[in-house]
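Given below, in the form of structure tokens, are the structures.
Next come two complexes, and both contain chain A; in the first it sits with chain B, in the second with chain C.
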Partner chain A sequence: MSQPRTGSLHWLLIMPLLCLLALFFVAPLYFVIERGFTDPAGAGLDNYRRVLDDPAARRFAWNTVRTAVTVTVCASLLGYTYAYATFKASRRMRVFLLYCVLVPFWTSLLVRTYAWAVMLRDEGVINKTLASLGMIDAPLPLLRNSFAVTLGMTQILLPFVILPCYSAMTRVDVSLVQAARSLGASPTKAFFRVFLPLTRPGLAAGAFLTFILATGYYITPVLLGGPGDQPIAVLIENAVQQQGDWGLAGALAALTTVMVLVALMAGWRSLTRSVLETGRKS
Partner chain B sequence: MSLVARVLRPLPVLLIVLLLVLPSLVVVPMSFSSSQILEFPPQGFSLRWYEAIAGNAVWLEAARNSLAVALAVVVLSTLIGAPAGIAIGLWRWRGRSLFLGFALVPAVMPPMVLAIGMYITYARFDLVGYWGLVAAHTVMALPFVVLTVMSSAQLVDPTLLTAAQSLGAKRWRVLVEIVLPLVKGGMAAGAIFAFITSWDEVVVAIYLTDPTFKTLPVVMWNQLRERVDPNVAVVATLLFAVTSLVMAYVVLKGERKKRVQ
Partner chain C sequence: MSSETRTGSEAGPSPSGPPGAAARARAGTTPTGAVPVELRGVSKSYGTEVAVAPLDLTVEAGSFVSFLGPSGSGKTTTLKMISGFERPDEGAVLFGDRDITSQPPEQRGVGVVFQNYSLFPHMSVAKNVEFPLRMRGVDRSDRSRRVRAALELVELPHVASRSPHELSGGQQQRVAIARALVFDPALLLMDEPLGALDRRLRETMQLEIKALHERLDVTIIYVTHDQEEALAMSDQIVVFNQGRVEQVGTPQDVYDRPRSLFVADFLGESFSISGQVTGGAFTADGDVPLRLDVADVEEGPARSIWRSGSVSAAPRPGERDSWACVPTTVVASAFAGDHLKLKLRVASGDEGIVSVPPTSSVPIAGDALDIYVDHARAVVVSASGGTA
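Right, the complex of A and B next:
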């Protein structure tokens, strides 16, 4: 395994990163959260009270959580299916499928989101096709609602589920599944009782990552969502840009940060396990 | 298997493939449109929007700025992230997984929180603009460099290190002459991720740029919110073409390497 004696060399190697993050990441987080307590002068917990009493803030928070949960469920189901198909595919097919996972990474997120808006609108290609087939009389409302947001965000976050799932699958000892089969388990049963539990850490890692990233989304809900889909990020931006209310923005930022950290800690074990094992051969 | 089942079985995967690639592909034909607005399917074929981009100082300037920021981010995040990735992947030490978690947190923080925090902090030190954005994007790109370098450092055979040391090599020499060449692949992958992270970042860039210094995503964002012409599609198509070629090369090379092993 790894070398036991490292002396203090590892400190030298991680020091630059620690310094950089302290100055340019931790300090900004600290200052924005501090604003929540000190702006206006002597605010104390007033900003937090305002957030909790504000029905709009509760609505935005609910939008954020609801969207994140929906996207996590969709991305997990589709991502696991896709990873399994990739795992089972022939070598050539596997290259193709893995390539398709990476394609979204290489197109600007803004542009992909806008492409959905163009396709989903009333005079977009989907509504036009359905109308010309005579399947609908009036255009379906596909844009500016939760459906569009879920679709757009699932598309963006799918790779974050597919990659850890696929990586977990490649580490599974296939003879275990064969053993279950030879002992009389049906293919379905062998999958659900042996294969799925063995790959669950990968799925859990992907799902946590998706949930955490989804809570921070801003661009996609703004471009694709309706008034009922706007997340906390929009509320923060409004507080800053329209009201210049840095105290409120600070309080909202603190609450969002806490939400992310709680989710991160809940998923800590599966995330670090998946991350630390990614490069390791079984 | 019945015929129906054979036809239906690959269908879910096919739909997911479409979901993954459709938004990227739809942009390409839209960029060749001859009409005034961004639409799909496009009306008529022309190169007018490509000509418009080539002669548009705003887009060219923004592309130059984005490139300058992204290249600096690649260099800085590799210099700072690669040693940390090696330290995590190569050795076991106390606090290792805690440090890893800390190093990865910037990648999952809500961009809006980062954006306003960095804005008020960097503004105090007069860092809004080029260097501020470089610092911000380096923070956001580091997790990817740490991850990829760590993964390749984990694959380094520890007996190589022991052998080198028992032959009298100092620990620094072992790191530079043995470990570094072995994690080069991870560093390259990390560098690509770092580049894309910076190149595509919108939210933080909106706050840390000003009217005299804008990056490509910021210009795109402003365009998309005001009037929508196929300019955006042209830029997207050009970027898509370049990055897919790079990716095709990386994936094929990776597969070939695996086969050799």
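Right, the complex of A and C next:
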């Protein structure tokens, strides 16, 4: 699927975006990372040594990765299922279900996080309902733990899985599933052998988006999590706001970026391959 | 047109038996034999729209039957009720004496070939062909042997490891056929399988599919809207129109003896004249001097239909006596080498297109032209039923 060469014209078209990216993303990233090596003067690799020797930094890094992986797995499973239900629903139901995804998407992240905090706290709707039904004596510990973080982040990031999955599903030729059935596959087998592999690009794209976004999440884990759930973003914020230690913050930011890039590269081959496959199909 | 006119009832397993059995022996299976298909009063509606009105139809074991009709005529819906992708609102579908009306597609053991090939893009050609065998739990060594045999059957053994998108349209459709045949189905359904191919390739594939049918012991139901394809390939043609079956018969039957104007029009060029049936005879309207004895046509308005082969602008000696002369006006004409294509108008105002043997001079628009029509080959149909 090679595009016809249009000379320099299409470069001109993406120039505005490239300029914007260079100015507001690449340049700041460069300055932040540079400070990791130059602040304080002549720091060299000192900041990185400090980060790697600090058990707190290691713990926070682990928190970040653990939360991101859990959220990615949960959001992928739930999101794919939701997208499939939407895909299979009647046309009117489909519109309704897609709106249910989009409306929270348009609500502020902070508002949604606080809404979860309000619902999950000891005097929140959930605990009160359970108590009034006589099912619990003491409030369940729903807030300030990994459960709350996973729940909140999964809900917030779900659209990033649902939308690419749904889009991939609408592009699948339904006669392929029918063909599988006519060739002797039960509905379950037809799904796992044909439908799922063909929608994998959408799932992969959604999962990667979720993972990348989850790695950089700050507000939600801070508001919903306990001490064991604080992400690396908290350390960066701390270094800048409390200690004014731009060097340490730079090193932390660089290491986080590298972490995401490594994860991306690990999955890159399968992602690009599946994206190319869908491209060829159409 | 094919000279072969064996009817379904003659086309039992016997003529294709021995070579079919040989192919089966190569594929390593015990012959199960082609299966007859019977539809008993099946109907299907979508909301208020009737897709298929109650329909009775029997397809003989081992025959090649085409469902022919325009889009929306119910032929594909009928096919889907046989393959199991649609459930009839009423009626029953039988394979032999097995009632499969409520069975899901995967339990019917029917091979289906789709118009857009429907090869799995994420599997190699070999994996595609192997798919139905895997679903049936056939063991590995048996699988690879049968995949090879199926690909040899469609003369594509060398593409086994390729990806479907690396093949041409014709090759993809042959792989789809191999995949539909690899598990030795007793019935093969083909839904406009050549619709996406160009004309030349389509003609080659028609011959290949027909040759496959001769070799294998399988009943084929073939859906098409291309009348030439149906005429060339089928033992029997079922003509569909607006959810109903207009006519069932051999290709020559439906071509030469259409039972309605719709069938006559849909199956090719024809020239028809309006008139009245009274007292067992057809009289043309207006000043057209034509009178034909008819039987089995209800009294009232009717049309008399001729195929191109029974119309001539310059009859041979002798034909002049047995053929009726009809004065016409030429509306348009075109010379096409071995024939003349003429658009003609008769006195009553009816127009029609016929191909006639070339005459010494080509008539031009506005010319008066006497054409001769063969009494014996005229068909008279009631104008009230079956018009499009």
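Convention: the second predicted complex is superposed on the first by the 259 of 282 C-alpha atoms of A that agree within 3 Å, B and C clash if a C-alpha of one lies under 4 Å from a C-alpha of the other, contacts with A are read in each partner's own complex, and residues count from 1 in each chain.
By our rule, contacts are C-beta pairs under 8 Å (C-beta built on N, C-alpha and C of every residue); 3 or more make two chains touch, one makes a residue touch a chain.
Owing to the predicted nature of the structure, the values given are computational and were not obtained by experimental measurement.
State whether A:G216 touches chain B only (first), chain C only (second), both chains, or neither.
Touch partner of A:G216: chain B, not chain C.
Determine, under the contact definition given at the top, whether A:A179 touches first (chain B), second (chain C), both, or neither.
Touch status of A:A179: second partner only.
Contact-wise, after the overlay, does A:V111 reach chain B, chain C, both or neither (first, second, both, neither)?
Only chain B is touched by A:V111; chain C is not.
Which of the two partners, first being chain B and second being chain C, lies in contact with A:R50: first, second, both, or neither?
neither
Touch check for A:R171: first (chain B), second (chain C), both, or neither?
A:R171 sits against neither chain B nor chain C.
Check whether chain B or chain C contacts more residues of chain A in the superposed model.
B
Could you look at A:R66 and tell me whether it touches chain B, chain C, both or neither (first, second, both, neither)?
neither
In the overlay, answer first, second, both or neither for which of chain B and chain C A:Y99 touches.
first
Which partner does A:T257 contact after superposing on A: first (chain B), second (chain C), both, neither?
A:T257 contacts chain B only, not chain C.
Find the residues of chain A that appear in the contact set with chain B and again in the contact set with chain C.
Residues common to the chain A contacts of chain C and of chain B are 280-281, listed in rising order.
Can you name the residues of chain C that touch chain A in the complex?
Per the stated touch rule, the residues are 83-85, 104-106, 108-112, 114, 116, 118, 120-122, 131-132, 135-136, 165, 179-180, 183.
Could you pull out which chain A residues touch chain B in their complex?
Going through chain A, the ones touching chain B are 1-4, 6-7, 9-10, 12-14, 16-17, 20-21, 24-25, 27-29, 31-33, 35, 78, 81-82, 85, 95, 97-116, 118-119, 123-125, 151, 154-155, 158-159, 209, 212-213, 215-216, 218-219, 223, 232-233, 236-237, 240, 246, 249, 253, 256-257, 260, 264, 268, 272, 275-276, 278-281.
Spell out the residues on chain B that touch chain A in their complex, using ranges where they run on.
10, 12-13, 16-17, 19-24, 26-27, 30, 38-41, 79-81, 83-84, 86-93, 97, 99-106, 108-114, 116-118, 120-122, 135-136, 138-139, 142, 146-147, 150-155, 158, 161-162, 171, 175, 196, 200, 202-203, 217, 220-221, 224, 228, 232-233, 235-236, 239-240, 243-244, 246-248, 251-252, 255
For chain A, which residues are in contact with chain C within the complex?
Listed in rising order, the residues of chain A that touch chain C are 173, 175-176, 178-187, 189-190, 193-194, 197-198, 277, 280-281.
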